[in-house]
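Dropping the structures in below, format is structure tokens.
Note that chain A is present in both complexes that follow, paired respectively with chain B and with chain C.
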Partner chain A sequence: MRKPAARMWKGALWLFCALVALWLAAPSLIVIPLSLTDKPSFSFPPTGWSTRWYTNFFQDPSWVGALASSLQVGALVAVVATIAGTAAAAALTRSAFRGQQTVKAILLAPMIAPVIVVAVGLYALFLRTNLLGTTLGFVIAHSVLALPFVIIPVTASLNGFDRRLESAAAICGANRWTTFRQVTLPLVAPGVISGALFAFVTSFDEVVLSLFIQSPYLQTLPVKMYASVTRDTDPTIAAAATLILGLTTVLTLTTTFYIARRNRVR
Partner chain B sequence: MSDSSISQGAAITLNKLTKRYGDATAVDAIDLNAEPGEFLTLLGPSGSGKTTTLNMIAGFVDVTEGEILVDGKPVYALPPHKRNMGMVFQHYALFPHMSVGDNVAYPLRQRRLPKSERGRLVADALNKVGLANLSHRMPRQLSGGQQQRVALARAIVYSPRVLLMDEPLGALDKKLRDSLQLEIKRIHAELGTTFVYVTHDQDEALVLSDRIAVFNQGKIEQVGSAQDLYERPSTIFVAQFVGESSLFHGLAVDHGAGKGVLSSDRTLHAHRGDARTGAPAALVVRPERIRVQSIDGTAPSGNAVRGRILQEIYLGNSRKLEVELGDGSKVLVRESAGDVTANRPGDLVWLTFRAEDAVVLTSNESPDRPQAADDHVPVFASH
Partner chain C sequence: MATVEALVAGPITADTVIDQAAPSKRWGRLGLLVPAGLLLIIGFIVPLVIMLWYAFTDPSVGFGNFAWYLGDAVQQRILLRTFTTAVNVTVICLLLGYPYAYAMVAAGPKLRAVLTLLVLVPFWTSLMVRTFAWVILLQDHGPIQSLLATVGLGQIPLIRTNLGVVIGMSQVLLPFFVLPLYAVMTNIDRRLILASSSLGAGPITSFFRIWLPLSLPGVGAGSLIVFISSLGFYVTPALLGSPGNSLISQQIFTQVNGLLQWGRAGTMGVVLIVITLAILAILALVIGRSTSTIKGVR
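Let's look at the complex of A and B:
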């Protein structure tokens, strides 16, 4: 008697989950058909198919320039935030010092602080230091936002790391830096790699801060998209959105598979 | 087996070595030395300071006071990676991302040995621990016993003059422990390295060691060979921690050349002992040195105590009897399989033993029952 009922509930659960998944993913996925329309305006469902908006994207220097800026800033942020965040996570997990909790809270604050507040503050600061509209300015601003996303996974990896391995390396003759490079880092690599990915993605799709610190000479892709959507409703923006979606999806999947494989090898 | 890897072990000297954590003293001014090539075991219950001492020798724990000398030279300024010691950890501590071969080669890599030399030494070390053909495996593909052999190979591959072992067999089951003990003993004999071995397992200490230092509450109770500790324990703690002991409590009294212990109903004699006369003391006898005699016969001469057998424990090659004495304390008697008497649990019996098998030691704890009454004059049994 219970079995068919159980099966029915299981089916209902699946259906519910599928609906939630669709609800979450549909708004993102809708940009794909939008970008492939043959009309010069947003039309859904599309009435005809064309790749002209992709051609348009790649032939317009301002779009390609924005994409290039985003990739460049994203890559630099990934490097800066990963190095700083890994060092911070190591310090927070390895040592006990006065005010440790405060330091940790400050480092993680950008994750909860209202971005608009951070943006206004940075704008005032960058105005004085001439960093507005510079790559350096973007990298600094985005790294601040990305730092918590590195610190959290690296801290988790370091907490799961057996510190006796470091003692073993030391007694084998490895100094602290060699031990970190040859033993600690390879073993916490999954956390560091996720951190780097999160940092890149945080920078790549950041809008609010970027709107404040952009200049006509340096715009990241989301800024350019925002400017474009307020000026004209040209489906090129849907093509850009699809590119961002594709890039982040590919990055996330590769990293997930890489980490899963590493864990299997272990 | 390889001639080149035979190294002379180093001498280790600990002078008033002390480690304090805040107000707590983990290691309390210990003096200890290991001869070159010696197998020295630090034996004690958990929290007795043995592992802290080992970690100070390795350089993982800072010394509060005192010094550590290796071949007469202080090592306080050297970080662990410059002490050139080998160490085997309780939980193997193999690098999980490296193959067995790479794990064993790791110390050689740090010493920048050429690749060809490395290969030869790694093969040599794996041979010594009986894992010659597992070089390409990953650690997680090995059993616990195999992993510990790899850890041992990694610790001996660069022929360190000191090898430290921190309960290396603690995570393994009994059978495996026994066979690895014999291998460690063989490897020690082969290498000539000074071994400092930490364990809480007294059997292991007896099997392996040239000398044993018994730790208790941050201090060393006694240092000596297995035989010294078993046959001539110098404190009650040692008597109880190394092997089993039966204790008869009372007050120490002088008795001719030897010592005695007096309690309200009897005086027992021992040929040896260092307890101060009049102080609370215990007369210590190993259970296998005590004979059980039926109470019906004539009263025995010499050391004799009345008791009642509470229970018997059958052990195959022997049986153990737990006997309750008149003062309520309990002692153990061991009868080997060939000498089992007819006495059963519930029987009243005489326990007898020879004075030369007994030693009188100062007891820190007060005896289990009231001291001899004031009006009681020491009476020595006649011999």
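Let's look at the complex of A and C:
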């Protein structure tokens, strides 16, 4: 009596999950067919096909410029946030001091603080210090948001790390720098690399802070997209969205496979 | 006294001993916090202090902005709408996310990998791309509206409505609900279910008496993240909603961008942060109490 009922429940659960999975993954994918429409409208599904919106994207200096700024800021943020975050993670895991939990909570606070409030405050600060629309301003703002995404994975790999290996290296005569470079860094590399990736993606994706600290001279891709959605119906934005989708997918998959392979080799 | 503090600070590890032996090395290690600390001060703490400062000083020193905020019926409606939107989004994430996380735990390794991948897809898909996709899906005469019309539900307005905002936000935030819940569920000892069924409990009793209570910390963590993120969400409500049904984050934007009312924007920022902290504090208290009761039962 119980068995068919159990099977029915199981079937219902899987059907439900398939629908949820579809709901999670499918919406973003509709930008791909939309980017290939032949009409200057957002009507979906498209009725004819063309690649004119990609041509448009690469011939319009404001789109290409936004892409270039995003890549540049993202790369700088990956470097800055990874160095600062890895150092902070090392300090948090390697020494015990009073207020450690508080320091950790403050470092992770940007993850849950309402971004809009930080954005307005940052706008006021950058207005006074002439940092609006500068690369430096963008790098500072995005690095703060990216820090938790570096600290979390690096702390995890430092915690799962056999400290005796460092002592062993020291006993064998390595100085602190050599120990760090030849023993510590290779072992925590997967954490650092995924931190760097998350930092890049966080910056590449950031909209709210960027909306406030941008200027007509320096816009990142999400800012340009935001302006485009609110202003007009130009499918070039769908081409931009497809390019972003492709870039972040390739980046994430490469890193995931790299880390998976490394872990298997060890 | 010093020993008491050391005990309070945590277990003494090899590190603590080394640190006491070599204070200079200890300071060197704390120096590693300097780059992150500087970034955080410039990019996070100073902006928040500026907002706090504006709230109490612009245009004049005092509680004028707060008096305005508490007395303004429009602002109260917006705050209430922000709350109901956040509650709706959290409930939808709970209803969709709980079975999904359960299935992730119950599935075999291959299927689990697929389900995990699908819940991670939104993580590396840009927020802007996903919101834009929802603009397309929800637009008038768009795919969802035509689907609803074919089913016979007629033309339900979706974009520029609160319904559209809730749909978009719950899709964007669902992974933040599923992942912490999944982490808690994988750590539940499955033998407890076997034990309860060997004692004669049916699957439904086992679920409600064993599985559900043990998964509650994950539900709490997931709901907390989703609820707090919903309160301060800007991009999705700005693009899927309308000025007529705006949320507090859009109001903050308007006060600064359109009206140059820095003090009022600061006030709303303070309100938002105080609410966030209050929710965190209440939940920390509740979780602390419930885990201590569980421990007590054991």
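Keep in mind that, in the parts below, the second predicted complex is superposed on the first by the 250 of 266 C-alpha atoms of A that agree within 3 Å, B and C clash if a C-alpha of one lies under 4 Å from a C-alpha of the other, contacts with A are read in each partner's own complex, and residues count from 1 in each chain.
Just so it is clear, a residue touches a chain if its C-beta (ideal position, glycine included) is under 8 Å from a C-beta of that chain, and two chains touch if they have at least 3 such contacts.
If you're wondering where the values come from, they're calculated on a predicted model, not measured in any experiment.
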Contacts of A:L158 with chain B and chain C, given as first, second, both or neither: neither
Touching partner for A:L132 - first (chain B), second (chain C), both, neither: neither
Chain B versus chain C as contact partner of A:A239, first or second or both or neither: neither
Partner chain(s) touched by A:A78 [first = chain B, second = chain C, both, neither]: neither
First (chain B), second (chain C), both or neither touched by A:L108: neither
Residue contacts on chain A - larger count, chain B or chain C: C
Contacts of A:A168 with chain B and chain C, given as first, second, both or neither: first
Contacts of A:I193 with chain B and chain C, given as first, second, both or neither: neither
Interface residues, chain A side, partner chain B - complex: 162, 164-165, 167-175, 178, 183, 186-187, 265-266
Chain A partner contacts - residues on chain C that touch it in the complex: 5, 9-10, 12-16, 19, 26, 29-37, 39-40, 42-44, 46-51, 54, 96-97, 99-100, 102-103, 106, 115, 118-119, 121-122, 124-137, 139, 141-143, 171, 174-175, 203, 225, 228-229, 231-232, 234-235, 239, 249, 252-253, 256, 262, 265-266, 269, 272-273, 276, 280
Contacting residues of chain B [partner chain A, same complex]: 58-60, 79-87, 89, 91, 93-97, 106-107, 110-111, 138, 140, 154-155, 158, 164
Contacting residues of chain A [partner chain C, same complex]: 6, 13-14, 16-17, 20-21, 23-25, 27-31, 34, 42-45, 80-81, 83-85, 87-88, 90-92, 94-98, 100, 103, 106-107, 109-110, 112-125, 140-141, 143-144, 147, 151, 163, 201, 204-205, 207-208, 221-222, 225-226, 229-230, 237-238, 241, 244-245, 248-249, 251-252
